[in-house]
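Below are structures written as structure tokens.
Look for subunit A in each of the two complexes below; its partner is subunit B in the first and subunit C in the second.
Let's turn to the complex of A and B:
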């Protein structure tokens, strides 16, 4: 006769778990180098969920040591999810308003500390203060990963600076990209192939200031269509070695030939003035003959400032160190690039498994920052730190456990070496803030900002920079008096 | 080792940010305690059902807080209405009572689920700026308990249920039955209420089948659905602007696979839990990706909803419009899919999704003759092509379900179809090798003959309960490892 069996089933199952949890204590043990995570005796009775592995805990314990090295901690750190919600709501509300003079206040997120009698951003501010009187255009190169690709963030910063300073055009345009840009429309011929300094690594080959060069070989013809969507005064083609028989024709939207140029310079970097009428914003570029090494195009004002976007998806940033210093110095000098904004970090958080890897990436960023600092000579470098990135643990999204340590190391490297640092992680609200940003439609869970999120971040960066600029002007005035 | 008493308080009180879920330790512990008591008192229907009611209401409280009183109130109302319908002899009063129930149930559903949808629609159409001064929160599972309760009243009025339930406790258990309160399957009163009034011996056979279903559900959810969502499809649908056309194209398939494995996994889990308690509730899926057309699909997908809509929406409309023949049938189909779309979500994307499915079925009706001819002529090729086209239709239309609004869906489709570069597929595969492999293997398993699974199940059924329990324990540990794993790094196609 069949029997009622639930009690047996419960007994078997509970006995099994009793052995696993209380006798074998499998939580934290390793099988084939894989740490077993299971309900431990402690979290069975105390906490419901503690999925942080021992390795992660080791890194967490390093947090205090690293923090003690840093210069200061930002003023506001939300302590709970509700505080975080209130804080992020306030950021959203502020971002909806136009920026007034009264909004330009000291920012706890920007570190512009004097070192050897000089503030890191002074060189930038000097150019900015002379942007009206100078007849030259000065450029800011914005390097970053997918957070900025397609002119994202750079476009927002350009727009904000445009409201106060002379700033026209869209700056640097790569010949091809995987994402659609936000500030212009581009249709590239599929024959364009991108070669990067970090994947192709051909010695003696030049990859330009962005680490990418484009060629359409073996084809003998290629094209590119653009709708600039904004006004500009000057248009340039950046290229390297060209052949005598290579010709670039530029057509208007009505297929009228606007300009024709021989692309035949032999030096590593050439900026060819395309002599286009600024009325034409819909353009077609047709290249004929053997492919030159093209770095990209640029649409700018005649003077003022310009922001160039060099977005490299999936990159930690280290690949840019493969661009020789001498080449960067030459290009920066030829394009009048006086400042670099460097924004990497999101692609390394998964790689930080222990103290060794944390230090490895810390050193890597220090070297990367110094690479740009040296190339710019007296120019300014602004480091935008890592943003919050989440991962799925037990189906619940939470921040990677090592982001604040990475941020601390980035900040330390920047500040100690005469560079400015903007703490985007703390601006977001710190640990687990990306979860709330995601819920409010400001960012995806991997930390990529939405239009709204980007606007918030860029406005805060702009306001922080403007406050430092005001301080700079006051200092300058005092010196002159 | 100290026991923290505040933990019990935490387990017993509602926390909106941490609602109870089936796959949590908290549920496992509380369910074990309840199951032990339930099993001890299984011979006393009154005690057993009282315990079950307490647990059902507690579970609903843990997921929806004080909305539990709305559930009790609505159930009480329908309980009385059904009794009144049964008692009265006049048709007019029967209809009046039925109308009252309809008004309350559908009214509550519209108020809680669709108020914002209609306000936004009015604002969009009339360019007005109507807003509410208060916030409406939606009781979790309202779409399900309203359909359950309403169907009971309709069945009593149609005399499909000859004798309404006399014990409110039992009726409330039916409405709040915890395994299916969140997301179905929608059980009918005529199926569940008789089980509440009988003693059921829970033998090794039932337990093994329940364990099999729970295991299958967890594997489907954790290994397939959650993994694909966390490592691919959710990322793309969250910020498609960062992804290439091939990512978007593949995510339409991944989105559908995720949807199926998530939902069918959940269904297996709840059917298994119900079976552990000795209750049989029908499943919701029958190898839907084997469907040869959309009407076939709806006989295999979310079957309980399909049957509900067929019984209470499609058939009455089709019957009322029968004199208009094909036109009447078409109106009945579109009306049903309009309601089905809206029921799935308060968003125009769901309405359009319903419209797509309705259109596909109408095309089937119109092209019936031609399709029959083709089927006779080509047979196997026709079957293969039908399954292939249906699957693709389902994948592409599921983009609407995953889109927050129409503009998003439009842009998604545009990028997916207009700018697609299949040359990037090999790069895509090198990045998403693991989710793709899981997706393909999971899909292949869907197409294997049922007899293979029956054979394996027979072997499994021969195992002693002790071994089954141990294997189940090992599986839970393995699944915990998979669920605890970090999601794969966010990588995007470079070129």
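Let's turn to the complex of A and C:
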């Protein structure tokens, strides 16, 4: 019996604790006013139950899964409200000044990381460095959502580059749009119907380079009036299938016939030189006969650089993948488009409800970016990432959760696949920055920039690109020496 | 209602086309308003209606309506 004493002791001790626990569980969980938490018998033998919500899981994944495997990318910590105020005030002050050579400094927001011995923006810079000696105009296609619609942002970038490289023109003009443009005045006949790769799709027709095609059928006549507001040397009509009986007449403001053309080509994309005198800025375009598929017009300089605006309100960008690669390659070649700027993301934040939807969009953006990269062959692609977007939570405006994760996925896809990335979210100040941008009159609460806000963002993009351009010129010089 | 009819009802509601008739070969190219944004709403409705869960891998593989019909059939 003596030798079993320790066993009995342990048995009595365990029984005592078991009784105590049992009584406490029945009588409540409180002892000396302290809450005691017990592990349930079920949970004691089970693996720890994961009670984290999907939304929380997504937030937890923030700094874990979206880091690039091959390239080290910065991790940002959120700024306090006072830090954001100081930072954004400094951005406003800088934007009031003219851009001098001394302002062209390295930008922490632009990623132009070398991959396989090549920098993503080198192709763009090569064209830029030859723009003076070359007699050809080269184009940049700027795709985006409502942040750029109506030539917003594109107009600012165009203005900065055209004043530096001495070129002109407003670039691409759609036949009609859901918003008024900022850089020209357009009055479209009501008969024009807009079909896009997102909504109001049309079977058997192409959508051109911008994902939109315009027709006035069943009507047999339509018109469009424009005030270009700026000078240009060349004017083009972009269209698809025409017919022998379709004619375009172009009139001046005094109703003088300036040009008349048959719109009769049968290929999917045609760039018709309108042979207009460049001193007429108020123009009327009258189409007669069965409607061709019109993609739009373009007013450009003879050489240099042109930015074309393809703004698609309310879209995530994926519809542009419905433009077949072969068509984009053909159009880019015919229009001498050598670079794409892709700026989407603001519309997906509402749809990101869990990790699955976050990664769904991450995968979608990777495919979209590669779609343009493949079509441009050796051209450059610049991804402008998602900006801060807020929504009301119990009456208080806060950033949507998961914007930084979306930015991280966009950034990862861009840098790992040889594309440049501009981090507009971090430029704004990161999480909850849009609230301060809104208070300072730089953006609406939903993240759309005001004229002032847009000017700040575009100047920063321009300066960042110009610094990389300087680096490119230095590298080029070293190679030739 | 069978799977196809139920899916058709979901499509009509999500893509806002009361007369939409789905078929196995149909893709996003054939349906106005079928974008990534509406696609995820449609998938959520499919999951709730058929009481199934689709993985990201399965979502990425979907190319046409026929693929979705097959997947639902396998899962229920």
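Here is the rule we go by: the second predicted complex is superposed on the first by the 401 of 481 C-alpha atoms of A that agree within 3 Å, B and C clash if a C-alpha of one lies under 4 Å from a C-alpha of the other, contacts with A are read in each partner's own complex, and residues count from 1 in each chain.
In this section, a contact is a pair of C-beta atoms (placed from the backbone, for glycine too) under 8 Å apart; a residue touches a chain by one contact, two chains touch by 3 or more.
Since the model is a prediction, treat every value here as computed from it, not as a measurement.
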Check your understanding: After lining up the shared chain so the two structures overlap, which partner does A:361 touch, if you call subunit B first and subunit C second: first, second, both or neither?
Key -> second
Point to revise | Partner chain(s) touched by A:318 [first = subunit B, second = subunit C, both, neither] | key: second
Check your understanding: Which partner, subunit B or subunit C, is in contact with more residues of subunit A?
Key -> B
Exercise for review: Pick one for A:135: touches subunit B only (first), subunit C only (second), both, or neither.
Suggested key: neither
Practice item. Look at A:393 in the shared chain and tell me whether it touches subunit B only, subunit C only, both, or neither; answer first, second, both or neither. Key: first
Exercise for review: Classify the contacts of A:200 with the two partner chains as first (subunit B alone), second (subunit C alone), both, or neither.
Suggested key: second
Point to revise | First, second, both or neither for A:9, with subunit B first and subunit C second | key: first
Check your understanding: Looking at the overlay, does A:81 come into contact with subunit B only (first), subunit C only (second), both, or neither?
Key -> first
**Study point:** Touched partner set for A:444, first subunit B, second subunit C, both or neither
**Key:** first
Revision key, fill the gap. Footprint intersection on subunit A (subunit B / subunit C) at 347
**Study point:** Complex interface listing, subunit C residues touching subunit A
**Key:** 28-33, 35-37, 40-41, 55-56, 59-60
Check your understanding: In their complex, what parts of subunit A are in touch with subunit B?
Key -> 2-10, 12-14, 16-17, 20, 26, 34, 36-39, 41-42, 44-46, 48-49, 51, 81, 146, 149-150, 176, 178-180, 190, 194, 313-314, 346-347, 350, 389, 391-395, 438, 444-446, 448, 450
Study note, to complete from the structure: Per the touch rule, the subunit A residues reaching subunit C in their complex are 198-201, 203, 315-316, 318-319, 322, 347-348, 351, 356-357, 359-361, 363-364
Check your understanding: Can you name the residues of subunit B that touch subunit A in the complex?
Key -> 1-4, 7, 10, 17, 23-26, 32, 35-36, 38-40, 42, 201-205, 207, 211, 222, 226, 230, 234-235, 238-239, 241-242, 244, 276, 421, 465-466, 469-470, 472-473, 477, 480-481, 483-484, 486-487, 489-495
